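What follows is a group of structures, each given as structure tokens.
Same chain, two partners: chain A is paired with chain B first, then with chain C.
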Partner chain A sequence: VLFFSSREKKRRRIEDLTEKMAVDSGHRDGGCDWDGRWNHVKKFLERPGPFTHPDFEPSTESLQFLLETCKILVIGAGGLGCELLKNLALSGFRLIHVVDMDTIDPSNLNRQFLFRPNDVGRPKADVAADFINSRVPGCKVVPYPFIEFHIIVCGLDSIIARRWMNGMLISLLSYEDGVLDPSSIIPLIDGGTEGFKGNARVILPGMTACIDCTLELYPPQINFPMCTIASMPRLPEHCIEYARILQWPKEKPFGGTLDGDNPEHIQWVFERSKERAAEFNITGVTYRLTQGVVKRIIPAVASTNAVIAAACATEVFKIATSAYIPLNNYMVFNDVDGLYTYTFEAERKENCSACSQVPQDLQFPPSAKLQEVLEYLTENASLQMKSPAITTTLEGKNKTLYLQSVKSIEERTRPNLCKTLKELGLSDGQELAVADITTPQTVLFKLNFTA
Partner chain B sequence: MASTKASKEQKYDRQLRLWGDHGQETLENAHVCLINATATGTEILKNLVLPGIGAFTIVDGHTVTGEDAGNNFFLSKDSIGKNRAQAATEHLQELNSDVSGNFVEEGPDKLLDNDSEFFHRFTIVIGVQLPESTCLRLGSVLWSASVPFLVCKTYGLIGYMRLVVQEHTVIESHPDNALEDLRLDQPYAEFQNHIKSYDLDSMEKKDHSHTPWIIIVAKYLEKWLSEHNGQPPKNYKEKEAFRQLIREGIRKNENGVPEDEENFEEAIKNVNTALNPTKIPSAVEDLFNSEQCKNITAQSPCFWVMLRAVKEFVHNEGNGSLPVRGTIPDMIADSQKFINLQNVYREKAMQDAAAVSKHVESLLQSVGKPAESIPEKDIKLFCKNASFLRVVRCRSLAEEYSVDTVNKDEITSCMDSPDSEMVFYLMLRAVDRFYQQHSRYPGVYNYQVEEDISKLKACVNSLLQEYSLNVNIKDDYIHEFCRYGAAEPHTVSAFLGGSAAQEAIKIISHQFVPFNNTFIYNAMSQTSATLRLLELNGNLPFADLFSSPNLPM
Partner chain C sequence: MIEKEDPVISEEEAAQYDRQIRLWGLDAQKRLRGSRVLLAGLGGLGAEVAKNLILAGVKGLTLLDHEQVSEESCRAQFLVPVTAQGQNRAKASLERAQNLNPMVEVHADPDRIEDKPDDFFLQFDAVCLTGCSRDLMIRVDQLCSKHKIKVFCGDVYGYYGYMFCNLGQAHNYVEEKPKVVKPSGESNDGPEAKKAKVDPNETTMVKKTASFCTLKEALEVDWTSEKAKAGLKRTPVDYFLLQVLLKFRTDKGRDPDPQSFPEDSQLLRQIRDDVLESLSLNSDLLSDDFIRPSLRETLLTATSSSSTVVKAMAWWTTLDQTERVRLRRFTGKLQFVLSDYLWQRLFCSFSFFSFFFYSWIHFAPKSDTRTAGCFLVFYIC
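Then we have the complex of A and B:
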């Protein structure tokens, strides 16, 4: 698929905006370019070659497209985001929007190099945009507003956020007579890192494997069993979880909830953890470990982010220009022992809950309680929902079976959890609509009664 | 304004969790030299400055061009016309005030002409976009001075790295999936006593369900051994029977239904790995047999002294086994039982480490060095990592390039797949050859692309001929390399930047295992390969190296 021919650059809408947003129409800032500036890039856009995409046509228009028209949305201005902004800016992209709701923390400074000690406390998107715009003349990085995007690149630190983005792009797909309209596809390039490991993937929603198709690659976080924490600690981590989960809510030392970013809070947890550990002759509780457990810290270095963001930006460049065939579609990287990469084509899941358009099957006996259905939705490796809200249509009316996020409704619907599906009036083949933070569109399930 | 200790802890927190305070200390004591502040060079340095190396020095005689400023985040429009080393140093220094940045406005060839020992002061030298002749000259100087040398190049969509280090020892390799050291097949005395202290049959239910699986397996193994002539379960059938034996040990309720005893389920699940015989890994055996271990002198690095001490231990107190590691995985158990069991392993590990210490002492004495020259904590760390010790040895560049010692077999067999990454290695050698002949790279200007194809092809052929390499390189690759016009696109530079920096950190910190010895990255396909080009006969060349330690360069 050739995405952006030089003749037609269709605009893609993320949201219907009620007010017209004044968009800088990208006037050529002729004064800021200098001789030779884009030589490194031009070789790949203006010369034919044996390995280019079959539809590639060398021309000077590609570079103009990058410089003047192509809009990129970068999600996240942290470890990967800083790297991505730099990479895109130096590859010719100028109309870049960056979204990030976070502010700058000292522990970011060992890798998020667009930020300085003076910037601590300021919003990441703003500082990142300012730095790039000043260092790369002509580049117009704009912090956060949604307009229209040709390509989306993610450097997120949460699977939920990825799934949300994934679901949103899928919801924008349009089908005519069951056939996908390619011009409604917005490519999503996704990067992730953890210590010395990382991955980069290209997702063409509706065409290639999406985030949810490969959800099993992200196994759910395992928490320690409660009985271990409460009565049988063996590791220093168990002692820390005891202080965090049991002692804090009971003693409320500083009132309110535990804030992992507050050193006083961590100190308190640290001291209680040490006491607990001493009781059981457990060694190894340190301040660093305490912070790590409470904040679920994932170790991070500049180098892994550099590698993954570089691979992602290379793919953005390929897709925007058709200079080469894009990655199809997943690359894994690990440099613990030497350097290792593995590149493969992740397959679409036939019954993916996000992109397959196939209603999901729910197999339960009529005597099963609603609680069991809820547990299935959260614990199943392919669904991994967080706090699903279940509704259905009974006697022509919309009925909420269970919803957790609104206190009054939770209280009202809680008794339903102990009722059986039969008692709730549900029949074989009934459709249940499930909403959850992991998916912007409700997922439809079909109840299939088993014996 | 340098940071305080506390602010550094905060800033470096995320990476301290990977290499610890001691690893960070090695970084802060390091002085890195970068030759050529091209995009690739500055991207590498960025990933070393951010984590806080002590100092860097950029060596670069070039003047910044418009092209340089276009792909390099650490050069600005104002840098054009200035010396590249100086301009880049300013912007890189600004990333981290803890780091001390220096620059030399001269190329490496000139530097060596004036001061042959200039590069001796560095912890590691990273050479970027170097022509072949400079590379070989530097390689020889650094090899003689035992300074690690990392050669990097971005050429079009290809990234290339070559590590040149005579001998690099790694104590903390941090293996991803290490097997536990449980000694179930040969329980030491204290372990045996501890096992004896349990009587599974007479225990209360609560104790029974919270007995560590290691004890369970040990007990049932004793039973099995007594019933099978002292032979442990060997094949699948026997292991199944052994698992069944354990399963039968699960307590049953008054109706004869087995209770929910998760610790027994854990035991059953772990039978396979628990029955792994305790063995010294062959990589460690090889190290025991190496010359460095056999001949301990006053110049021997600590690594070899400790290794020799461990070898002595193995042949004496260890009864053929390495010092006990001293760690056990978490498992279902009540606190006391777990801690007691853990302590049995910990104490044994301490005992073994103490025995190794005695050997270290006598070895040091025998070469006239004080016992304090190797601290206790280093010996403990060494013992804990005894199964994971690694030594990386790379052949010199001279040998790679010499017609006599080039590894034809490796090259030829890789090229059986004509699109293997090896083709890029050969193309990089070919463009170097082109540069030597024409004082420029192929295809830099548009009008040159077509006419350079045949010239580059000639270089390819002469290269293959000179090294008697019977391989075929597709014309497409020659065309593509002309098309590249020696471009250094930013994203490929950035990929190498991350890769090379981490390898440099491995060299500096002696933690994690560096690659050996050639890495190729193909951004077209997002694939990579590590090529090991220099073994004459496919085996680790220990004997080879030590029979001729000072090869003529």
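Then we have the complex of A and C:
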């Protein structure tokens, strides 16, 4: 994997940066701690209590570990990320790295409170790091890519990204004689929010349910049936999707693909949607709605993020100190309708494509077309791949059966989709290697021919 | 209560509040934009509530706190600068609070809430009380109910916390319900369309009214009645713990403190006995475990949060509709409002600072039925 080979370079680069950041507060040796600064944390770590872990031994070492050694990676400096950074910095964590590729937008300001209006346009990771570093003496938040971390806590905005992170941590696991080496486990604490709903979960890769084990829990994206869009619209959203899916590709008003961030594009879709809505006497098409549908905007508010981030930060604290029993392992929260929350233990899937280490089974008759295999990979609820690339070994040579992401290869391999598995030279028991954006490691499938 | 003009949302506001407008609608944002809220108590909990309200874009937020910034305040609360020790807590929190959102009018008031006359409260649309005594809360709650001002109370005691809301005897709100689409009978859509289905994207707004009981009623349930006795088994012990903690605060003027462990734990036990006796309940309802070496940190026993939650959840789903309705009546019809009304939403998602996890007494399964509990209680273990 590419990033490992440049790890050394990156590590040196990060260390240089950390040096620079330490200089301005001038308190690398912890001299910035005033008397009693960490008394509240000491209450948890330097004495026993009724909820502490049975194996917990009170000592001053836990706090030292938090303050001096424990490295945390926060992925995402958005709604959850800002809250997480605040909570972690105030809980004693001082070595925090934050990753975010995004820049600040005015619509972020209703909840991403580390940012101000004159930060708009700047990278989120940088601004978040600056804010915390100047607000919390002794805290060193370093923006962007990662090296070695003890714990990873995520506030990501996509399932694909989560699956990627999940797969990455699983690939870091090491096994000795088939037994998992616990020191290779990097706990992953994952939080997600959407409007008034949210969830927080603790994943110990290789030990507890991973993201892919519970893939079916994520609701599918709302896609209106084509027949409704094409001939029987009832909602303003149907009209907008009509303009987006059918009219835009046909008319290509500005050439190229529809860009949700381009106001002219949205305006065009908005106007076409209004026309269509007028035809069917549908009201409610607005510019804002058009934007929301095209950009798949998810509503968001500060309070849900605050709740979920609080739960996640608590779990980071518990796991880092081993002082309390961690969440086991999935909490859901919903305050749309009253206030509802529920915690359960998500179970590992025996044949999980990400963490089970069991080769995945593909059952097809030899007369099945490659197209059918492709559809299975994308449509199966437990796999939900996005654009899988399928390769195999034939006559000792690596052969690409189908790959979508590179145009020239896609064109070359497209005819294979119509060929049967037998025609492609595949045999019973053949191993197919599938690569996809949802997993950093190739997934191996074993082809089992059915009658 | 102030007369509200219909506030207009500026373009800047529309951009900043875009994501939450998509959640609760422009009307709701306008109502928020015209509302004045009082927040009493700027401890850790108060700071989080202040943050969420200010970010949400209320018209005005008054921070009321007579306490001084202590060394502890700086740890628990991110609005107060380290250098502010000795200053008034509300005033010290003002600058950072205001910076969260310049569009909100944030005021700091250093007075004691007990000294405020009745008409002080009448200038607000909603009142949120943290760190207040039982009597004060009851007084404010009674006063505000009469004047249709929404009341929210809450506190955090180490691992444990609670929240209460009273939105009035006749709280009107609107609920978004999915529309059932009847089969059109036309052949265009194919065989799928012939089935009547619920399109989750098609909704209709239904007007409703909910009735809330007062804090006094919620705290003064008569446990000797038949109905109450029947419900006792299903009432989490947290409710009685809250009664003990409120009484401690009234008697001592402060919360239990590990610094005074011997006398405080003695007093807590005594209060426990007194409270349960006065309610005609068995004193072993709340075992001695609730007082442990770390007072103020740990106040609940035994079961882990998840198992309690699971048990309680399992119990709730076994009830049929009538039982649930009865249970709701029993707890005084204290219902969290649905959908559109902002207040409940904002306050109910109290984000409890750092170390808190939560449990709760009654909840609705994943359907459109309401929660019955008036109290949200929680603990972390």
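Operating definition for what follows: the second predicted complex is superposed on the first by the 408 of 451 C-alpha atoms of A that agree within 3 Å, B and C clash if a C-alpha of one lies under 4 Å from a C-alpha of the other, contacts with A are read in each partner's own complex, and residues count from 1 in each chain.
In the analysis below, a residue touches a chain if its C-beta (ideal position, glycine included) is under 8 Å from a C-beta of that chain, and two chains touch if they have at least 3 such contacts.
Given the structure is predicted, the values throughout are model-derived calculations rather than measurements.
With chain A as the common reference for superposition, the partners chain B and chain C occupy clashing space. In the superposition on chain A, A:301 makes contact with both chain B and chain C. In the superposition on chain A, A:438 makes contact with neither chain B nor chain C.
Contacts of A:233 after superposition: chain B is touched, whereas chain C is not reached. Legend: residue contacts after superposition of the two complexes on their common chain; A:46 is shown touching chain B, with no touch to chain C. Once the two complexes are laid over each other on the shared chain, residue contacts for A:69 go to neither chain B nor chain C. Applying the stated contact rule after C-alpha superposition, one finds that A:222 touches chain C and leaves chain B untouched. When both complexes are overlaid on chain A, the residue A:282 reaches chain B alone and has no touch with chain C. Once chain A of one complex is fitted onto chain A of the other, the partner contacts of A:199 are absent, as it touches neither chain B nor chain C. In the superposition on chain A, A:344 makes contact with chain C only, not with chain B. Across the options 183-191, 453-461 or 543-551, chain B meets chain C in a clash only at 453-461, per the superposition defined above. Overlaid on A, the two complexes show chain B and chain C touching the same residues of chain A, namely 34-40, 43-44, 47-51, 83, 86-87, 90-91, 106-107, 109-111, 113, 135, 137, 195-196, 232, 234-235, 288, 292, 297-304, 306-307, 309-311, 313-314, 317, 324-325, 327, 335-341, 343.
Taken together, the chain A residues at the contact with chain C in this complex read 34-40, 43-44, 47-51, 83, 86-87, 90-91, 106-107, 109-111, 113, 116, 135, 137, 195-196, 222, 224-225, 227-228, 231-232, 234-235, 237, 288, 292, 297-304, 306-307, 309-311, 313-314, 317, 324-325, 327-328, 334-345.
In the complex of the two chains, the chain C residues touching chain A come out as 12, 15-23, 48, 51-52, 55-57, 71-72, 75-76, 78, 82, 99-101, 159, 181, 184, 186, 188-190, 192-193, 200-202, 258, 289, 292-294, 297-298, 301, 304-306, 309-310, 313, 335-339, 345-346, 348-358, 360, 363-364, 366, 368-371, 376, 380-381.
Within the complex, the chain A residues that touch chain B are 32, 34-41, 43-44, 46-51, 83, 86-87, 90-91, 106-107, 109-111, 113, 117, 135-137, 195-196, 200, 232-235, 280-282, 288, 291-292, 297-311, 313-315, 317, 324-325, 327, 331, 335-341, 343. Of all residues in chain B, those touching chain A in their complex are 3, 7, 10-18, 39, 43, 46-47, 50-52, 65-67, 69-73, 76-77, 80, 95-97, 156-157, 173-176, 210, 330-331, 333-336, 338-339, 342, 446, 449, 475-477, 479-480, 483-485, 487-495, 497-499, 501-503, 505, 512-516, 519, 521, 523-528, 530.
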